[in-house]
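Take a look at the structures listed below.
The same subunit A turns up in both complexes below, where it pairs with subunit B and then with subunit C.
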Partner chain A sequence: MASVEQSKQAIMLNKKYKAGLLSFLSAQGILVFFLICMFAFSLFSEQFISQSNIMTVVRQASIIGIIAVGVTVVIIGGNLDLSVGSMLSFSTVLVVDLHDKIGPAGAIILMFALTLLIGAVNGFLVGFMRLNSLIVTLAMLSAIQGLVLIYSGGKNVDIANQSDTWFAFFGRGYVLGIAVPVILFALLAIVVQVVMSYTSYGRRIFAVGGNPAAAVYSGIRKNWCVFSTYLISAFCVACAALVLGSRVMGSQNNVGQGYELLVLAGIILGGTSLLGGAGSVWKTIIGVLILGFIQNGLLLLGYPYYTQWLVTWVIIILAVWLDLANKRKRLFTTHS
Partner chain B sequence: MINMKNFLKGSGFIQPIWVFVIAITVFFSVMSEYFLSVGNLSNILVQTSTIGLIALGMTYVMINGNIDLSVGAVLGLAASLSVGLQDYGITIAVMAALASGLVLGAINGLIVWKTGVNAFIVTLGAMIGVRGLIFVYTEEQSFYATNFAFSDFGTASIGPFPVLAIIFLLCTLVMHLVLKKTGHGRNTFAVGGNPEAALDAGIRIGRHMMINFIIVGGFAALAGVLLATQMGAATPNLGRDYELWTITAVVLGGTKLTGGFGSITGTLGGVLAIGILRNGMNLMQVPAFYVLVILGVILISVLIIDQRLNVHASKGVSI
Partner chain C sequence: MMYKTALATSVMMLSVGLAHAESTYRIGITQNNVGVDSYQTTYESAFEEAADKHGNVDVVVLDAGGDVARQIGQVRNLIQQRVDAIIIWPTNGQAVIPAIRQAHQAGIPVVVTNSKIAEAGLDYIAAFSGPDNVQQGASSAEMMCDALEGEGRIVQIAGQPGYTTAMERAQGFEEKLAEACPGVELVETQPADWNREKAQRVMENFLTKYDDIDGVYAGDDNMGVGALNAAKSAGRAEEIVFIGATNFAVGYEAIERGEYYGSIYQSPVDDAEAALQTALDVLAGEEVPKMNFFETPKITADNLAEFDKPVF
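Coming up: the complex of A and B.
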């Protein structure tokens, strides 16, 4: 009898293990997808998998990645930030323009302060005034674009003496052979991921995004939580502007146009639900990297740059669809 | 005594956006002597016809509880097709352009219906993808119309009335009647207001969503063709940011993002408000940069007023 019990237990354990593996794979589906993409591209192009190419892709993806880290937090908190593209234009123009006027240190400090101020305005309107975040940040998108144009007078800005400034470190520098943008990206991502996973602050953001009413009843100050997510988003945009401004040493006044969409695409691809309350920073990173590698792979295969947008369209919808289908255990909706 | 609160909520006979439209009309008439002339007013109608046409379809989609972010890209594709295919004859080119809008709308609608993926994500993807399609099709080139009949159409007028304004106003009337008088219009409200209840009541919610996406796609394509006739050309970047302007106009007109509430008359008011503001500030020689800021501030102010009045009704966005 005992042996039968034991074998039953063994079968149960085995089943449990298998189910665990399956649920792990379906939870990390995006990682599996990422590996498949990498494998497919490496079959078609030898350069693709080379170390220098991978580093280049990661470096190029780091600006979108840095912004995406912040926006992921906003989305986990149950809101959206569409104004990050305009904010990136604003901050980059600001830091580049001020560099020659008040020196790099002053430019960086002032840029961070003003970017956080814009984040605070977003956070106030969404967190405390409880306005719809989609429309608020949409309105901010156009308003900030206007501010950039007013500030720059519609002209592009650049740094006069480009070779002789430590400002170049943020975009062009290397530490231990790794590009500084990549290091910044990794640092931000690790810090934010740790904060979201292991601190009570992170849990509160998840709670507010998942069920705002329940969060309020359990004593969480929802307004402040939402407010703070926009500050984090603004801080990340400021970091991205630092990298972008330093790398290009100049800025067009619409440099960030369309970034909000690529950022959102990366986040959605990473599997963070736009409903809020779920998601993770590291999946966002995978999502952003997938987009970067797809773009790079298509270019290496000789397709024009814009085909990546077409591919992005298909992949976003497929990724979200399969995720949904997995949750509801059927491919299509039932209603007519 | 008029109940101020009910009036501002939009539940009175007159919609608040129209009071705003009249107020800014009076303001600009005082500020600029050129504003209040037949020529300028019909000019405003022509300028707003593009965004206005898309806004008509967007109102349906938003009342339906969805959103369409791909309208700007669809407009760009239709404009490029209508000019790029002119060698096959204007009629075929225009038909192909309009068909592209209908098909893309149908694809959006079908995906939202069948997969259950949120419209925000589906149309965001389409916005990126269709823009890619335009660049692949045009190879980053601008197209110029060689046939004068095509480019004359955009500036033509019947008597004192510009053709584009007439098309826009006619479409507005038709869309208003469809929304108010037909089953499809009623069901659009029902689905947006409470999808589960609509489903229980036997309304085919998927079909109605898809029809509305086809409508907005068709209008975006029509707007693209008309814009191309106005300019006699099409550039691959045409229609960028149009989704923002359109959503702004529709929200100004009182349509709720949460679905189930809105009207074509309100949207007409919202479209006119934006057109008048742009035109008026232009006449007052306010730089275009400031217009962006002012519009953003106005939109946020409207949201704040709306939110203060409907504290209990606000459900938050459902994305």
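Coming up: the complex of A and C.
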């Protein structure tokens, strides 16, 4: 009899242990997944954990990361911005092309101004005209691509004297041994995270994204809030364009194509809800880094291109599932 | 712009065309995707210029915008208009074959330009005009072999996966390298979609992964220069030989500065003129070889001066 009791106890203990592990896994899902991936990659590729590789991945991820910081704010405010990929093409072509015509300083100022103008158009249509943000920014995605082609005449733009311009600083420079793109990424992320967490402006954005009607009744000027999120998004795109143009020292007019999906993927991986009202810049950073490390790891292992895409997107679906499981407090559900 | 051309063409047809109907040819061209890259954009303007130079040619210039369905529609449209010949830059070497067959059955000769179509379609075309990408890959392999003196470890950055040009260049390069230069080992190939920024990222990862890389072969100069950028940032450009294809202005300058070993000279102007000339030869009833390749010479610091700097 004692052995039956013992085995019952053992089963109970086992169940309890399993439940504990599952809830831990579901709560920390994405971070655990990240660590498992990192560990697995490091077993197969000794360079993966090396300092130079980690710095390379963070530097490569910083362009997507900078844009994702801005789009996270738009999403917290309850909207989407799919136009960031085309905007990146536009701003990069613009800053590179103007560099040779009016000099780097003028080019940067003009590029920021025009990028913010596009952000303002997005913000006006969504915030004040109350148009659906998915449709507006999807339309802008194509419209801006057209604008880029008209502007560039379909040609690549290059900075003529590549080795002799301080413009190179933003994409290729180092400060105290840290790459400038990484510093810009970190600075933007910190500022935006602080604004979102500790200022009344940040709380208003969360309120508008969470419950717009309640936000309006409590005296928040919703239109302006939404408008401003698109300006933040555009500002981040302009910073990313500065890094990209300077890193490549030239631009093709389709350079940002598909970036909007990578940005969204990073944000979703970080667990920010696409429904608005919740999310954090920190988590977006983790999401973007996970994406970067997975792609880098697969490349170091020598996997072909198609496999990289397949694995990346399967991981994103897994992440969304784990996130949902965490909210439901269970991994599977058989009823709706 | 294409509407303007089409409009101008029809107006010209009405006013002048009728008077010279017996000596004037109407040629329709449908391009792959003008505006996405400098090569195609330069090709388009070169084609129009070349047509202007021939006094007796009217052209209808269309662009498929990379969309196979739209291109098939455009071919049907040109058949309806009863043009004298159709030039097509296939968006997809397989999917356009039925449309080409329709033109063939309607008695309109078809010239395929720049990018090949699948074997099954060869019976329906009058000729192909364009660069020989397999040969280009082989020439790059020869340059790589010369530069490394037959010994070393190299990586390859390929063009867009699935695109004929990318596959043919990689194939020509790999076959020739294995045959002529067994001492040079190709350790890995990754695609970068003809995109400089992507090539830069791929190369950064290669540099982390391999401590010794002696050479890089890139499917075009745009990607080659991206790889060069990455190597320069890592301080390893000196020890690596860079060889590309489709010489771009940035590649030309890099050869000039001695940072880039060589490339393949492929002019979109030659490409456009050859396509038009092939179509005119076919219309004149001349004997035209089925595969009509134009010259794409090797270009290195030694013979750089013989070539004009590319305008794209």
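Convention: the second predicted complex is superposed on the first by the 298 of 336 C-alpha atoms of A that agree within 3 Å, B and C clash if a C-alpha of one lies under 4 Å from a C-alpha of the other, contacts with A are read in each partner's own complex, and residues count from 1 in each chain.
Everything that follows uses one rule, which is that contacts are C-beta pairs under 8 Å (C-beta built on N, C-alpha and C of every residue); 3 or more make two chains touch, one makes a residue touch a chain.
None of these values were measured; they are calculated from a predicted model.
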Following superposition onto subunit A, is the placement of subunit B relative to subunit C best described as a clash or a fit? clash
Going by the contact rule stated at the top, is it subunit B or subunit C that touches a larger number of residues on subunit A? B
In the superposed arrangement, does A:Tyr306 touch subunit B (first), subunit C (second), both or neither? both
Return first, second, both or neither, reflecting whether A:Gln47 touches subunit B, subunit C, both chains, or no partner chain. second
After lining up the shared chain so the two structures overlap, which partner does A:Leu244 touch, if you call subunit B first and subunit C second: first, second, both or neither? second
Touched partner set for A:Val195, first subunit B, second subunit C, both or neither: neither
May I ask you to decide whether A:Leu110 touches subunit B, subunit C, both, or neither, giving the answer as first, second, both or neither? neither
First (subunit B), second (subunit C), both or neither: which does A:Cys37 touch? neither
A:Gly154 contacts which: subunit B (first), subunit C (second), both, neither? both
Touch check for A:Ile183: first (subunit B), second (subunit C), both, or neither? neither
Residue overlap on subunit A between the subunit B interface and the subunit C interface 149, 154, 304-306
The answer for subunit B against subunit A in the complex is residues 111, 113-118, 120-122, 124-133, 135-136, 139-140, 199, 204-207, 241, 244, 247-248, 251, 257, 287-297, 299-300, 303-304, 307, 314, 316-317, 319
Subunit A residues touching subunit C in their complex are 45, 47, 50, 52-53, 56, 60, 149, 153-156, 158, 172, 244, 247-250, 252-255, 296, 299-300, 302, 304-306
Considering only the defined contacts, which subunit A positions touch subunit B in the complex? 80, 125, 129-136, 138-147, 149-150, 154, 212, 261-262, 264-265, 268, 274-275, 304-310, 312-314, 316-317, 320-321, 324-325, 328, 332-333, 335-336
Where on subunit C is subunit A touching in the complex? 34-38, 40-42, 161, 188, 190-191, 195-197, 200-202, 204-205, 208-209, 222, 225-226, 229, 233, 248-250, 312
